[in-house]
Every structure is written in structure tokens, then in C-alpha cells.
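Next come two complexes, and both contain chain A; in the first it sits with chain B, in the second with chain C.
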Partner chain A sequence: MIKARTDWTGLFFAAALTVVIVFPLLIVGTWAFTNVWRYPSVIPQEFGLKYWAATTARADVWTSITMSLSLASVVTLLSAVICLPAAFAFARLEFPGRNILFFSFLAGQAFPKFGLLVAIAGIFLNLNLIGTFWGVILIQLVGTLLFMIWIPVAAFQSVDRRMEEAARDVGASPLRVFWSITMPQAGPTIAAAVLLNFVGTFYETEGAWLIGAPGIRTLPVLMISFINNQPVIQYGAVLSVLLWLPSFIALLFARRIIGSGSFARGFGG
Partner chain B sequence: MIIWPILSAIGRTLWLPGADGVSRFSLETYVFFFSDQYSINNLMVTLWTTGVCALLLLPICLPIALYLRFAKGRLAAYVQGLAIFPMFVPSIILSYAIIRVLGPNGTVDLLFNSVGLPKIRSPYLTPWGPVIGLVWDNIPLTVLILLSGLGAVSDQSVEAARDVGARRWAVLWHIILPRITNSILVAISFTVLGIFSAFTLPYVLGPAAPEMMGPFMQRTFRDLNDPTNAITQAVISFAFCIVFGLFYVRSVAKNRKT
Partner chain C sequence: MAVLDIKDVTKIFGGTVAVERFNLTVADGELVCLLGPSGSGKSTLLRMIGGFETATSGVIAIDGEDVTRVPPERRPTGMVFQSHALWTHMNVFKNLAFGLKLRRLPPAEIKDRVEAVLEQVGLAGYGQRQTHQLSGGQQQRVALARSLVLEPKILLLDEPFASLDQHLRERLREEVRDLQQRLKITTLFVTHGQDEALALADRIVVLRAGRSEQIDPPDVVYRAPATPFVAGFIGTMNLIDGVVEGGVFRHPGLDLAMPVADGPATLAVRPEALGIAAATSAAAVIHRVTDYGTHAIVDIDLADGLRLKAMAPDARAWAAGTAVALSPQAFAVYRDNVAIHRAGA
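Here is the complex of A and B:
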């Protein structure tokens, strides 16, 4: 009888990663449902939902949630309108300047992002966009461009061209082919890219703070001020759990594009 | 949208508006940066953090990627899931979690205390705080890039080497490493670019002085209301990253053609 060899390396990695990655998040989760937890008790003295009521009763929490959601929606919508046709063009058409355009998108990745944001902020200062809603929209849009072009380009490229041609041969109009053949194949990946984009924008902190402060306050920016100035630990914990929800949804939907190799290849791996 | 801000940034820091409204060529903001001890300290801390993170990430991520490349089954799927998981944790939540766990009177202190050990010297608000956070945050991408590189190493070549009696380390050194050098370099470039301008984690976890370039630029821009010097700092960080950036662009372009 052959006994399966125990995968010690695997067990080691699984255990180590669980401690390093899951444990800190569990602690935050525990804090969110804690009423009293004083040093040096190992477990909280009193569990409860007291601070959920307290956090959700704060006006600044609600305004920043609304602000974050509306920013993320507008940015995602704009970015989809700009990027998806561009991605289709990149995937299918040969046009002059194609490579130059492509490299200018790539170049955005090749510079440290925060430096780029500061450089853009310098321009916005002259345009009086600092502290305005549309200033934040514009700066967050820059961050999404590459992502929203790259993954859809890969999606459009992976569509089986022979099926499209076959459909054309039996007399389908180009629009019809696009809706019935191209979209069903590329659609799921593009939908995942749009979703990831929305979530990414929701969490974008640097641009929102650099351009938006003090008028525009998104949820992550509020969270920073909670960490720095708020003596009540539970506010931050509750906010973390709230903040993490969209990410969790993204996690469920985005597995397909991240698990597949194309995502890492997109980053040049 | 990307090239223009950079050119404009370089222009605005070299041609300063003169007293009579006519702009003049001047290097004074750069001279100021490199003669100001505080600025230099910040730059050094950033370089140090970037270097330490890159050095830590490779030994952590390469074994994970190697394991994932050759292992199959549910345990491997679990390890992969965990390794990618930090991608779905926004850095702001991560900073909060690190403060709660490693901060003063955090969970580690609680656990140590309950078994009678002394408190740890918390990395929170020291240069090690951002290092821990940034390494944590960069694990998924590094693992994914390395894994994608390891995909190019064929099973046959490894087995062939094993058959002629090569030991594990020999296989790693002679067969696997030469084929993934490019991926390793891409992973490093990506990490360097990401860390050099990291903002949230160093801002929340790091010391107030010296600070990393990210928070430094932000503070110069907003709190000191001095965009020209902030942009100078940005241009200087571009200059330090340009080698990695070019390498990254080149390998992506190469990847795309093949």
C-alpha cells in the first residue's frame, strides 16, 4: 500500500501564511464586535454591537460613504466609456501611432505613481481643480486607464475570430456579430475588469487626498483621520469591516481573471 | 495625460517665474533639495525601505512560487488563495490591522504578556513599520509574476535534470533560476516602483521624521503649500526610478511581441 507523502512544505506555507495574512484581519474583525477590550486580557471582556450603532450614527461616515460611492461610479463609467472602445481598437485595428499610444499608457506604469500624482496636482493647481469633485475624478481616472485598457485588450484578443467571420458569412451585421459573438466571449472578463476598477477607485487614497482635501473626503481618507486622531479604537475597526465589503464582493467575482495567467502577464511577468 | 505632466513638472521646476513675471532658467530647487539635510535623509530612508523590501520579498515569494509551480491539490490551492489575498485588502485596512496587532498593547503584546514574556519593541512609527506593511502588500504581485515566469520552465527539463542525478539545489540553480531571471527582475522593478512612491502605509505606519518620499511630497504640497518643491521631489523620484521603469516597459513590450 502506498501512503500519500505528507506535504510538509505545503503545510508550512499554509500555516505561515495563515498566521501572517489572515490573523491580523481577524483581529480587526474581532475589534469591530467588541464593546470592551482592555489590556492585558487576551480575549475581549465584552462582545457586542455597541460601536456599530455609534459608527453608523456619525454624519461624517455617511457623507464620506456617499462621496466614495459617487466618485467610484463616475470614474468607472467615464473610464469604461473612454477605455473600452480604445481597447477594442487596440485589439483589432492597425492604425498609425498605435504603438506610440500603447507605450504612453505603459509609461504611466513605469513612473512612481505618487510622483506622477504630484506632477498632475501641480497642473491642477493652475487650473483651480484642487479641492473639487471633478479634480478628484480626473486624477482617479488616470489611475484606471491602464487597467481598463489592458485587461479588455486581452479579452478582445482571445475571442475566436473564426466564429465572428462565420457569423459574417451567414449574413450577420457587424453590430449583430459584436453583440452575439464578441461580447459573450469577452464580456465576463470585461465585467470583472470594470468591477475591479470600481473597487480600486473606491479604495484609492493618494489622489483623493492630494487633490480633494479638505473639501472632498472619501471613506479611506476618513479612515486615515480615524487612525491618527481617534482614541476610540472600535470606530476604525467597524469602518474597516464596512470598507472591506466591496473588496470581498470583488474577490468573489474577480477570481477568474486573477487566477488565469493573463493578469500577471499583463504586468510583464 | 502621462507624458505631459512629467514634462510639465520638469519644466516648471527648471524655469521658475522671476520677479518681473518673466520665467528664468534655474536649478535652485534641485540645489535646495540636495543641500537640505532633511530632504536627503528622506531620500535615504526611501532608498533604504525600497532596498530592504525588495531583499525581503524575494526570499519570501520565491519559495512560495516554486512550491505553487510544482505542487497540486487542495493545500496548494489554499496557499495560492492566501498568497493572493492581500491584493483584496486595501492598504488602509492593512495599516489599521498592523497597528492593532504589532502596535503598543497590540495582540502580540497581549499574547506575550499572557505567557510571561516582555512586550515587543513595536515597529509602529519606526522605519520597520512601513517595511512590514509594504512587504505584506506586495506579496501577491511578486508571487504572481514569479509564478508566471516559472510557467515557462517545463516539467521535462526539471525531470531530465533529476534523472541524471541533479539535486534540488542544482536544479534550482542551473535549470530554474536562469529561466526566470527576467521575471525576477520584473518583479523587483515593480516592487521598486511601487514602494518608492508608496504613500498610505508609510504615512500611517512610518515615523514622522525622516519620512519617505510619498508622505514628504504630500506634506510639501499640501501642508507647506509649496508645489514647486513638491514637484522637484517628484522629479527626483522619477530620476531614481527611471532605470527600473525602462526595464519594465522593455520587458512588457518584449512579452507582447512574442
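Here is the complex of A and C:
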């Protein structure tokens, strides 16, 4: 028998990942379930759900969760409605100004975002959009355009045109081809983009804070204010554990899409 | 049961003329091969018949009905693509059933027809396979079945076996020929392999830069190529440019009497029709002898550097460096792109 050789590169990356990602998560996770943890003890003196009760008893936490969920849902939905047809047009149609327009979507992301946001905030102030739900929707929508156009464009472009022609050949109308061939082929990639979009919007803070304050408070914004204003670490820790939830849900969905095999097939595998 | 009529069809893409004033009538049940070098317009022509490109001018008619501007889904044509283009998110059965479902056939009949066609292409029982679980040859068979199951009036095949190895290509070619004859389906087959065209076709269309050079049965295309291009494209051919003076074709190392008016001419001789005999003049010298067992191919260099090929029955009779005299037994003479004289064929 040959002894399996130690994969040092793999081990190194695993170790690095542990330090950079898992370790901080572990600490925050521990803090969230800690009642008392005083220096210099390595492990908390007292575990417990005291601060969970305290955090979830706060009304502002619940309103911010609902606010974040509805913002992310509305933004994702609007973004899909606007971007997917646009992506299809970019991928398939020739129209004047196509390349410039496509490039402008990318260019929007190339500049420092905060400066852009401040400028937009000035405009929104005049339009009375500051501190309103739709003001935040608008600003977050702009932030999603890049990936919701770029990824679907790539997905549509990678669908084999011959497959679509073959469907026309056996009698499918263009609409039917889109529904039965193009969407199933591009679908998994687009679903991934929508998922990323949802999670990204949920976590978005700069726009939500700059445009939304003081009327609109999302979960991440609330968490930041907790961390800044509260001497008790646990509040922030509990909220940040709460914030992992959408990521876990997204990962579960992603697993289902990838695990079903349609993901690989969508890439022609 | 269908006749295809192509009248004066031209296709221009931006600046390039892909097909120019093309005319062809394909009889019911006939198999016509479109043969030509890369970029000669074969695919463009086929795609216009299938409805994937619109002719810039001209008329395409099926059974007398003008379909020039009819979209592909309403044409009675079935196309098989080079890259099989199977729908990878459906299994084999669903690939074949898709077109039948669009026609709103009852599920029981769909099942029967799909199974029947799978049987025909030798893939009975493969319905539940995913497309990526098939070999290249099987994928192409499914693609063929996907067209056949709808019983198209005209079957269009665009280099369907080009991506397969030689052996498999020959086998599938035979199968297509058998199926086509059994079903008596009018068929256009694009290829740039001349052996494929010669083996399959009732008639061959030789295309060059969007124009048809010759439309004839394979034996005619082979034995009496209409132009020097066809002569050089099909099989191996020696093309020798020279001048006719006083009834004698002259080229360094080769003089040949022929009843042709004075002027420049191109002589075309097949290797098997080029006789060689030992000689003393050094105008034609054997460069190499390749032994194929059943025969030998003798490469001969003329004084001006032109290399000819001659076929000899026995390799041992010839050696490199030997001077030879050439005597074409059967040949054709071309001037201004048309044959002006043929002898011995």
C-alpha cells in the first residue's frame, strides 16, 4: 500500500482560512452565548441566553429585521424585473449604443462608492427621499445593477445558439424557446446571481445608512450603532449571529441548486 | 414526398457574399451532397433552407410552396447540426418528445413514436439516459432521431459527423444512407469530405466561394469535372498549365498532341491515367516511390519544379532518380474555366 502523501498546500490554506474566517466567527459566536466573560479568562465565566432574551425583547431589533427583509426582497425583485430583460437584450440583441451602455454599468462600480453616495444623497435631499423606504430601495437597486446584469449576460451568452435553433427547428416559437431552452440552460447561474443579490442587499450598510438615516434602520445599521454606542459587547454579537441567518439560508439554496446537477448541466457539463 | 426548389438565391452578410445566384432542384427522395472548401457557403445555404437565415434575394420553395420568409418553426424541414445541439437539461426521451409535445400529440402516441425512432437509429432503450451519458456517435444518432421523429419533408444535415473519428463517421454515413433510402426522405447533406460525398450522394453540388461549380452525379463529377477547380478538389488530380501550339500541348517535360485551338490551357490527368516509361531525357525525374501494397504512387518532378503523381502497379519497377517519359492515357483540357477537350475517359 502506498501511503497518502500529506497535502501541505491544502493544509496551509485550511489553516489560513480557519484563522481568518472561522476564528473570528467563533469568538463572535461565543460572545453571543455568553453572560459573563471577564479578562483574563480564556473561556467565559458564564454561558447563557441572557442577552438573546434582552436583544430579542427590543422592538427596534424586530422592526429592523422586518425592514431589512422587506428591503432586500423588494430590491431583489425590482432588480430582477429590470435587469434580466436588459441582460437578455445585452446578450442577444444588437442596438445602437449597446457597448457604451453595457460599459457604463461596469464604470459605475469602478469609482469609490462612498463619494458617489454622498453626491446622490445631495440629490435625494432635494427630492425628499432621504430617510424614506423608497430612497433606500433606489440606492440599493443601483448597487445591484452590476452583478444582476453582468452575470446573467454571461449566462445568456453561454447558452448554445444551436440548441435554440434546434428548438425552433422542431416547431417552438421564439417565446417557447426562451422558456423551454434558454431559461433552463441559463437558470442555475441566474438563480445564483439573484441569491447573491439578496444576501448582498441584506448586508448593504453604506447606502442604507447614508440615505436611510434616521428614518430607516436596517439590521446591519442597527448592529453598527449597537457596537458604537453600547459598552456591552453581547448585543452586537447576538445581532451579528442573527445576521448569519440569510447567509445560511442562501447557502442551503445554493447547495440544492448545485446538488441537483442542473447547475453543472447549465454550464454544459 | 417533397421537392425542393432553390431559385437564384443570394445571401450577403454585410460586405461578404456568402451565396451567389444559386440554383438547384432536389427531386423527391433524392440525397444531394453540398461539397466545397471551408467558407464556400455550404452552411449558409443549408441554413437558408432551414429558415435560420433569410435569403437576400431569390426564392426557396418546398413542394411548390414559397417558404423564403417562413420562420423555421413553420417549415417542414429537419436540421441536424454539427455540434449535435442536444438539449442538455433534458434526457434522450424528452429531447425526442419535445417537438411532438409542441404538436399536442397524446402522450401514448408520443411514447410509441419516440421508441420507434430510437429503434430505427439503433438506440432502443436509451430513452432515460442523460445526453452527457452518451458517446459522440450516440449523441449524433439522437440528434438525427430528433429530426426524424417529426417526419420532416426535407432533412438537412450540416457536417453531422465531422467531429467523429474516421471509422465511426463511415459507419454512421452508411446508416444515414440506409435510413434515407428506407424512408425515401429528400435530403441535403453538407460535407467537406469528398469521399463522404462520393459515397453518399445521388448528386453532388460542388461549391466554390458561394457559387456552384458543378451539379452532377458522383461518377460524372469524378470522371468529368466541369472546371479545373472541381478537378483539383475531387480526388487526386495533376493540373498542368501549358500552351497549345499547332495542335500540341507544351509544358517542360510533357508534350501532348490534342485537337485544340492554339492558346493557353490547363491539362488535368488523374494519377491512375498517367502512364510512365523509362526514358533518357532528364525533363521528368522520379522523386519518390511510395508503396501501398496493391499499387504504388510515383512522385515525379518536372524540370520547372512541378510535381506530378502517377499510379504504378508495382513499386519495385521504379526507383527515385530515374528519368521517365510521361504519357497521359485519359485527360481533360480546360481553358477559361471550362473543359474544351476530353480524351480516353
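Everything below uses one rule, namely that the second predicted complex is superposed on the first by the 236 of 269 C-alpha atoms of A that agree within 3 Å, B and C clash if a C-alpha of one lies under 4 Å from a C-alpha of the other, contacts with A are read in each partner's own complex, and residues count from 1 in each chain.
By definition in this document, a residue touches a chain if its C-beta (ideal position, glycine included) is under 8 Å from a C-beta of that chain, and two chains touch if they have at least 3 such contacts.
These figures come from a predicted structure and were not determined experimentally.
In the superposition on chain A, A:L77 contacts neither chain B nor chain C.
Contacts of A:A166 after superposition on the shared chain: chain C is touched, whereas chain B is not.
Shared-chain residue A:Q185: touches chain C; no touch with chain B. Chain A has more of its residues touched by B than by the other of chain B and chain C. In the superposition on chain A, contact of A:W31 is made with chain B only, not with chain C.
Contacts of A:V19 after superposition: neither chain B nor chain C is touched.
Within chain A, the residues touched by chain B in the first complex and by chain C in the second are 265, 268-269.
Those residues of chain B that touch chain A in the complex are listed here as 1-3, 5-6, 8-9, 12, 63-64, 67, 71, 73, 75-76, 78-79, 82-101, 105, 107, 109-111, 113-114, 136, 139, 141, 144-149, 151, 183, 186-187, 190, 193-194, 196-200, 203-204, 213-214, 217-218, 221-222, 227, 230-231, 233-235, 237-238, 241, 244-246, 248-249, 251-253, 255. Contact residues of chain A toward chain C in the complex are 160, 162-163, 165-173, 176, 180-181, 184-185, 262, 265-266, 268-269.
On the side of chain A, the complex with chain B involves touching residues 7, 9-11, 13-14, 17-18, 20-25, 27-28, 31, 39-42, 103-116, 118-123, 125, 142, 145, 203, 205-206, 209-210, 213, 220, 223-224, 227-228, 233, 236-237, 240, 243-244, 247-248, 250-251, 258, 261, 263-265, 267-269.
Note for the complex: chain C touches chain A at residues 50-52, 71-74, 77-79, 81, 83, 85-89, 98-99, 102-103, 130, 132, 143, 146-147, 150.
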